[in-house]
Every structure is written in C-alpha cells, then in structure tokens.
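Here you go, one structure.
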Amino acid sequence: MGGNASTSSTLEAAHRFGRLAAEAGWVVLTGGRPAGVMEAASVGAKSVPGSLTVGILPSGPDGPVGAAVDIAVFTGVGEARNVINVLSSDVVVACGVEGAGTASEVALALKLARPIVLLAPSPEAAAFFRSIETRASLHEVETPEAAIELIEHRLGIARWSISKT
Amino acid sequence: MGGNASTSSTLEAAHRFGRLAAEAGWVVLTGGRPAGVMEAASVGAKSVPGSLTVGILPSGPDGPVGAAVDIAVFTGVGEARNVINVLSSDVVVACGVEGAGTASEVALALKLARPIVLLAPSPEAAAFFRSIETRASLHEVETPEAAIELIEHRLGIARWSISKT
Amino acid sequence: MGGNASTSSTLEAAHRFGRLAAEAGWVVLTGGRPAGVMEAASVGAKSVPGSLTVGILPSGPDGPVGAAVDIAVFTGVGEARNVINVLSSDVVVACGVEGAGTASEVALALKLARPIVLLAPSPEAAAFFRSIETRASLHEVETPEAAIELIEHRLGIARWSISKT
Amino acid sequence: MGGNASTSSTLEAAHRFGRLAAEAGWVVLTGGRPAGVMEAASVGAKSVPGSLTVGILPSGPDGPVGAAVDIAVFTGVGEARNVINVLSSDVVVACGVEGAGTASEVALALKLARPIVLLAPSPEAAAFFRSIETRASLHEVETPEAAIELIEHRLGIARWSISKT
C-alpha cells in the first residue's frame, strides 16, 4: 500500500519490495491504479517470471488500471475498497505512509487486526501508529529486504505457488 | 454465478462450464464460498492444469472459502459484493437463476450494462429478464458448450493467458 | 424503490404511496436521486407536514440529490448502495419493477429476508419473484392504499414519530 | 467520530459536543453502535428537544443500535461504512482519535477532502495528521465549545431545521 504521489525513494522501495515479494513466491496485491506505489510494486513484481499481481480498484471497469496488474478486481465502491485491500492481504506493507489513503489503510489494518509492516515510515507516522491501542501486530523496517525477512521468518506468511494452478 | 442450493443438473452444468472456460483460457471468477454453483464451477476449472480461479467473498478472512479458489478476495461487505462480481467479470454467466442472490447479480449485470448469459434459465427467469428495459446484452443458452461458443465467437471475450505471468 | 425512468402511472402511484406513508407516520427511505420513483415518493412524503425522508445515494456529496430528501446519506459505493436501502428498510415497497435496479433491490430483499411488497408489478415480475425459493415474505398489491393497509395491519410495521425527537 | 473504548474525559466531551451541536440545530451523525463516543454524542444530542440523530451502522438490522439513534442506516458493509460516515458529514469531528477506527475516519476525511476538526487530539495524532499532504481543511480545538464556534463561524456549516419537515 502507498500513495499516488510518492517520493522517488519511496517508489524505488516499492518497486524493489514488489520484485522481492514475487521472487519469494507471494502474490502482490495493490490498489491497482497506474500511479505511485501501486504501479511501482506491481511493475517490480511483474519483472519476475511466474509472478502474479492483483489490483483492487476503486472504479468500475471504465477506470484506469496499471498495465502490470494481472487480475483486476473492479469494486466500484471508491475509497471503501481500502477495507478490501486490507482484508484480502495476509500482511499489509505500507510504503512510506505519505498520504491520507495509505494512512487509512494502516489504520484499518490495525482496526481489523491484520499484520502490518511500515516500510521506512516518517517519524510522525511511526509515533502515531505506535500510540494507538490495538490487537494487531505492527512492525517497522527500513528496507524492502528487511520487510521480506520479517514476513518470511517472523510472521511466517505462506507462499503462493504458481504450480498450485 | 449461481445459487448455494442448486439442483444437481445445475451443479453439473456449472462444473462443466468451469472446466470448459478454463480449457479455453479464461479466468473463472465466482462468489468463492464452498457451496453450490460457486464451488462446482471453481472445481471444474481447477481440474484443468494451468487454470486460475478467483473468489470474491462476502466475508472477511475468517469466513469459509472454497478449496478450489486460487485468489480469495475478502470484501467484508456481505451481499454488496455481488456488484463487485459483476463489475469484475468480462461476461457474467448465470447458472440456473434459481435463487435470489443470482437474480440480484443478473439484475445488476443488466443495470451495469455487462454482457450476460443465462445458462438453462427457468421460463419465469427468461421471461422476466427479457421484459426489463436495458442497454445490456442478454443471451440465453441451454448448454455449457453453447455458452463457451457464444462467449468466444459472438462476444469475443479475450482470453487470459497464464504465460502472461 | 423504483426506476429512474418509469411510466406516469407508476410515478403517480409512487407519489401517492409516499404521501400515504408519511401521513401514516413512517419515514420514507429512497435511493435519493432527483429522478423517477425516488423523487416522486419523496415529494409525496414531503407534502405532509412533519414528515421525514431519507435518501441513500450512490454518489458522494458532489452527486445530485432530490430536493425533497431531508437526510442525504452519501455512500460513494454506487449500485452497492442498493443493499443498504434494503437492509435499512422495515419493509421494501417496489413500485413497478420496470428497471434492472429495482429488480436487483427486490432480489436482494428476498435474499436478505426483508418483507417486500410489489406494487402493481408486471405479470413477468410477479411470476419470476414468486418462482424464486426464499425465506422472505413477498406480497403483491395493486394500489398504494392496499400497500399501506398491508404494511400496517398484516406486517405490523412500527410507526416512527417525529415527537420521538 | 470516536472510539468504542474511550477515556471518561473523551466521552464527556463527546456528550457535550452532541448536546451543543443539537442545540445549534445540526443533525448529529455517528457510527450508531451502543458504545463509546458514538453513544455519548447521540445521547447528548437527544437531550435536546427537536434534535435528530443518524447512525450509520456496520451491521445489518440484526446488529446492536444505540437507543439514542433516531434514523438507523444498516449498511452491512462492516468497516467500509466509515467512508459513508465521512462522505455524509458536512464536517467530521473526531473526539480523541484514541483508536484505529477513528484514525481511519480522520485519514479518509483528509483523503476525501472533507472539513475535519480534531477535538482534544493526542500530541501524536495532531503531529501525524498535520504531516500528511492533503487538500482538506484540518482544524484542532481543545473544547466542544471551541468546535461549535469553529464550525459555525469559520466553516459556516448550514444548520438543519426540524421545521424543514
């Protein structure tokens, strides 16, 4: 998860995380639009042969979709689709938390008790989310590599295998 | 799309349609629950190597999911997910229209102007949906084979290829 | 509930039903847009002093709202708001069932087991909805007066009182 | 907006704000459940004759509703209803921002560019939301009285009048 209009270092981190997640064998799910962190993570994932990307879009099928999205889910429910992103993810990785949409997704992940990883958050974001009472598991890392390590070894998220199909 | 509690001939048609659609190279999207037409169509599709199935679930991740669903999208929005099913499908195939949920999906497909195929509808369902004013393309067929033929040659729906990933 | 583009006799029935429902002391909930049955029922209700009307809109606050809607609920979820209409109504009254949106609301009301009254349905609509297996209570009437009588005496729906506030 | 499990000073502020908002002639909209800030604000509002309260519930009609809610809107969409709360409010007032649900509503209000007032936020919440880039108007106040003053004189939100009905 991440903003439409992120800094170049956030976009680079999103691209690298997408690639590493796909190499590790996970499906990469994003908000699906051709912008910002969503686009960067999907493109990173699709640079890996055999990868699979899912996009949960706010629009119906007339809206824009990133070219690196394999499976486009058109919700037509606008920002309410942020809840679907969170519920459908085994772990939510927030790249940057620079925008309000990402902040809502982190807050929803905390509310819905989904595991969440803040990747290179601002000091304000880290301080705020740590201050909220919650049952969820909240983690902070500084690099995509550390995020992958955490997800695999500490959270133990199962890999999806294309051979399953 | 189809009911939770369908007749055995409807379930057989759903299974066969799922298999034929997967063989033709389409992704099979259902409501994702381990019941009725959803389950039958997904199981049919997964009998084909290289197939891909998507389930759009009414529940969050605590709810039941069919074992033949590859990509589970947990919406948490209950019956409102029927709109997402319709918007995310290139063509909606309704097996039987025996229940109210399926009827709502056919009606929503008509409302949202998505192409729709009624597979072996009851005379009452066929007569009613034909009577509704709409911009959508509504079709009736009697067999899964005829549905595939229609979708491929008359509707010209593009195939999804696993090699894309 | 009813279509955007209904016949004049359906609109007259909607207006009359809205007025009678408000006179009987019920809150009138519609889809809220300035069109068709929604508009007619709200305007009918607001011709009664002390009435209260609610509109459940598909759009956000930038979208159009009927002038006779007191409480506008902006959902931003498009056609998925039909589920909210149904869940929030003590009884669903469908005026005409001439369009696909109304058909989806009737189907959802059947699915969600809400009491439903079809007011002057077409023969095809009446035959179809009667043919669907369901736990819901489905009724047919020919006039707004008969709908009020049914709701009050047979369904026993509680009246809302402005004095409550 | 506010948490289910708030401190007593937050609940007192919510109750007082609800009363003052109703006295000023505004409709008070909350999440509708019989808990926390939602309940306190609705009860405060209903202590004023002629007031009107709306509750936007996550559940269907089988779920719990606060006794001080006049108009219950049953969405059935779970946490996705937070978007509806925000879109339907002329101004969002967050009491405390102590929980993740409220944080998601503040973030969504920022995303959707709705005016928002943080009433007695924690230092972490204030610092974080100020740090997010946004088009929305974000305000902080320390008392319910200051919130009312701001909404009336600086934001110029129109009052709803029961005489309208």
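Worth a mention:
First chain written, first letter: the chains are A, B, C and D, and each begins at residue 1.
One rule holds for everything that comes next: contacts are C-beta pairs under 8 Å (C-beta built on N, C-alpha and C of every residue); 3 or more make two chains touch, one makes a residue touch a chain.
Note that the coordinates shown come from a computational prediction; the quantities given were computed from them, not determined experimentally.
Ranking all chains by how far their C-alpha centres lie from the centre of chain C, first place goes to A. Should one ask which of A-D and C-D has more C-beta pairs in contact, the pair is A-D. The rotation relating chain B to chain D, fitted on Cα atoms, comes to 180°, given as a multiple of 5. Judged by shared residue numbers over all numbers used at their interface, chain A and chain B contact each other through mostly the same positions, with over half in common. Per-chain CA centroids place chain B at a distance of 40 Å from chain D. Computed centre separation for the pair chain C/chain D is 28 angstrom, with centres defined by C-alpha atoms.
Residue positions of chain A touching 2 or more other chains, listed in rising order: 60, 76-80, 83-84, 112.
Every residue of chain B that touches chain C in the complex is listed here, in rising order: 5, 77-80, 82-84, 98-101, 103-104, 107-108, 110-112, 122, 124-125, 127-134, 136. Contact residues on chain D toward chain B in their complex (touch as defined above): 60, 76-80. Only residues 27, 46, 49-52, 54, 56, 60-61, 70-77, 80, 83-84, 87-88, 112, 160, 162, 164-165 of chain C touch chain D when the two sit together in their complex.
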